[in-house]
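Chain IDs A, B, C, D, E and F follow the sequence of writing; residue 1 opens each chain.
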């Protein structure tokens, strides 16, 4: 498949016009490799480990959620030089789907809703709300464990979910106004927790977003490369 | 004591010129109450619960680390109306020391270093580095427990500490350049964790900053009001 | 009446979408008090004297034209602390209608036009133009006296009126283009007077805007509180 | 005298570095005419009438306080075309001294202080404060009459004066802090009057600034051209 | 003809709404002279020489492509004073058509296409592309000679032309995408030449734009004043 | 030699603090390769051809004047991907000296002054002025031929030179004020030529800057790679 055809297919899956403005120039074909695509790998991030594995299987294309070139650069040094050398030397393409995939059908939030068996789902400006039959402990286990509960998390009825870093004051107000009683996302900040209108479940960013990349890989016949951050809790 | 004299004393303890530029207009006397100060309460944040306790003991002054008026307002409604009504009706003063107290002698980072028994301390642009004889588990217990370890935290030699939200890429590079082998702060973000040059210990924002307010209260003969966020972990 | 119902009624009288962009966040419910509204006071400004009178009659709501929180604040001290303490302690609501009421039907400019018995009225982008049978001296008496005449004010045919601070070069050009021969507003500036294309009558800001608040109070059965600035002329 | 020598002399009288930042590019030689200066006229503003009189006496140079090109232009049309045609056709130079002359020795504020017989003068960041033996009525007469008194103007002890448009909240706070009990300036605004910490006397902009140009003309042997705005009061 | 009628006619020829945003305030009647227009001169620029010739034939109106007041001014001195004195003293009007005339029918790019006998013309966002039967040497002769050829200019098929300073990377990419094989414009920069996707022919800005003014003059019965920059090449 | 030592040496030759602000982040080590430097190539630009030659001789380091990453990027595609792939695959370092080398001793302008045998040299804010015994034709031959002469270039006494794109109105005024009678630079623009206070000689950007890189290579024992843009003139 030619890279142009591959890009067209990706744009059907995650239309670029769904992306937030801040993603302008940071999604789509981020590193250009060879024009023929036979083997595709997929991951959440671009880590040295992931690129190494993709090179090892001679992938022509790596599809990820998080671009390695977020801040615009005028130099290619250090960690960026390492990643770019590995990708460019292998003539591998790098394709990024970010907030456009968050919002896409069967995208990041849809995959999370499915993972948590949510029902009667209604959308929010980002993420969604659904009826949840799981307990907080069951939710925690499904998203990798060790969740933090902020506030009095009781029996969950309607759960708002925002994959990624979604503990935002305005979004939480929206969730409450739309009938949510509990809010699940990642990367809680103290100042937000202090004024949160809802009890919150905090998972890791990786645990909330990786499932979508994994499911996409299965659906497309790609090879998913798992590389969660090394994390543990000490009591 | 007149409120002017009280302010002078506070400015000796935490000189306003030590504050970051973003604190301009957000530290010092944030709410003006009666001019005579007899009874002082102290806390980390301004929560409804804390204000209620301060009112209950007829405090004339509440000293905190985090202002309740961070974003400039043109209306006083909702939660802000509740806080301001409670403070103003009681004619209580509210005094804020933020990044100036982070950097002050015996301030937020000094108190944390003492809590962790650091030695041979050298300063960073924010926070500091010291020799640490505690294990990660001991550190976790001293800062409230349930710390998250990111990366391979091994035997700690030189520990960099930044109280509050200090997992910043540039600061972490500074810590590494100054010889730290482990980094302690709060509010880790996924994108920072992915490129962290050092193993990291993540505590809560509250646990890292409250000790300084507590020690200040003891030193000054004030009443410290503890109000940590309600937080627990489910495996 | 619940405050939400009161707000809805106010938004019918002075639709927020009529307001200038600079009023964003500065109109509507500016200070939140108790949710039940039985007694309403109305005034042009929020002065200590006006708040005192409103408190004295146990008003639940004060409706004004000029917000006391124009410049966004991160502290509540001095005069603002005094006003906010009085309002919040009394659990009084404060509702502001500014440029939306200037432009509303039966709003500030309509009330002024009626006060001056204008006829054949046609609108301007702000304010309006109408045929005027009064002499300058009669106009002066109707708007509180002691008007200043700039330039050669002769027999008036079509009078442009802009309540408030409306001596603006572009507006005056618009008035001239639409056939006005005289221009009435407040707060003339030297640089504007030097290039004014029309003779001008300058009244006070208060005198031009207070009538609308007074008429609104009569219409709604509210209590109007008059508090003009103390002003006199020495020859 | 060559225009360069004339400019040097002016820069000694009113050093450009005394000017406010907003005057950058708006003071000094604003219109360039012939290089030889024999006859100089002086006025407060550049009005068609003033230029006509200066042309009538064959002036080579017109010195004023207020530039006619305040807003940067990309076209020369209408009133500006008329003024520029008159000046340029006559090869007359136009020299502007603005806030640098406000602050200069024997400049605008000094001339006003002298006109009002102030004594024991101490400077403010703009304008000054002095002991005043005149009554408000006497002051009004000396500055052209018909002054407006805002607030309770009683016996004056220390009078703050700011020639031009000087009713600024921060300046008035400075005046009060420096011991003034009354404040004289021009162009009062309603919002400022409502919160003024001092009783105020409002004269016209012209009446407060013209005396300095007149005295400068006398001192330098220039011809002063008086052209006050046409203004009268109707009771 | 009254100047208003003249302006209306010009706005039909070169509608102001076709202009780039950066031309706002810099096109149309840039200097206002007498209201009656009998004799019109036309040129590319406003040079002292051109104004002198227009004055010599008593023109009431000078129509040009490049405004002499590009950068907004707060002073009229030096070269600008000379030009403005000459125009204003003669009461000559100055009318500017810039990017609106570039894009107008029979405007700058149309005139250039005609000069180069282009056929099968299709538009670009600026300029156009057409089939060209001329050799580079013939093109050079038609646009004043001494063209510079950048890259391998071979037999031309489809020529992109952008009158004025049009060697812009994005425009050149557009030209290539639309099938051009050679690109003609003025003012090549080294950094652009290094990455140009097409061979380029560089003429002078004057040579590419003057023909349109000349043809317009002929069509309208105006007097065209030619004043190319003095330019020659030494081998 | 380690790359750190190499960088130190370069910073002595062309101190980064001499650079213009716009060069921030665009000079120094722009692409990071292997840490050991044995073989150095040098050129003016980074073209595919130059990189190919540097790779062919197994250079570890390429020193250039113009960075290939001027505009900050968030993607590596097209031409940039090609250049970066070639550099990174070869583990070649890329070092950029731009305006710091323009101003350095024996830097770009010094080399040009030497090439033109200038004497009695005095500096300008950028570039310099020197006495010149060459004719325009001789100058043209020394800087690659085919120079364009703008205005009446006569016998040259004091020649201002600004290597690169230096036809700037303010710089030309400075040159004139410092006694220059002729001005040499590259990339003349029509609008600048129309108001130039001095006759000008326009060479190419490459011809004015390449000599410095060539001389530096000779001095340092590096291999200079010449790659001028393909350029010719048709009469």
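Convention: a residue touches a chain if its C-beta (ideal position, glycine included) is under 8 Å from a C-beta of that chain, and two chains touch if they have at least 3 such contacts.
Treat the numbers as computed from the prediction; the structure is a model and nothing was measured.
Chemist: Chains touching chain C and chain F alike, please list them.
Modeler: none
Chemist: Using CA atoms for the superposition, what rotation angle relates chain A to chain E, in steps of 5 degrees?
Modeler: The two chains, chain A and chain E, differ by a rotation of 120 degrees.
Chemist: When chain A meets its copy chain F, do both sides use mostly the same residue numbers (more than half shared) or mostly different ones?
Modeler: same
Chemist: When the C-alpha atoms of chain B and chain C are each averaged to a single point, how far apart are the two points in Å?
Modeler: From the centre of chain B to the centre of chain C is 46 Å.
Chemist: Compute the distance, rounded to whole Å, between the mean C-alpha positions of chain E and chain F.
Modeler: 32
Chemist: Please report how many Å separate the Cα centroid of chain B from that of chain E, as a whole number.
Modeler: 64
Chemist: Measure off the straight-line distance from the CA centroid of chain C to the CA centroid of chain E, and report it in whole Å.
Modeler: Computed value for the inter-centroid distance: 52 Å.
Chemist: Could you say which residues in chain A touch two or more other chains, in rising order?
Modeler: 70
Chemist: Would you identify the shape of the chain contact graph, picking one of line, ring, star, complete or other?
Modeler: Here the contact pattern is a ring, one closed loop where every chain has two partners.
Chemist: Help me check something: in the complex, which residues belonging to chain A touch chain B?
Modeler: These residues of chain A touch chain B: 45, 47, 66, 70, 79, 136-137, 140, 145-152, 165, 186-191, 193-195, 204-206, 229-235.
Chemist: Where on chain A does chain F make contact in their complex?
Modeler: 25-26, 28-33, 67, 69-70, 72-78, 81, 84-85, 88-89, 91
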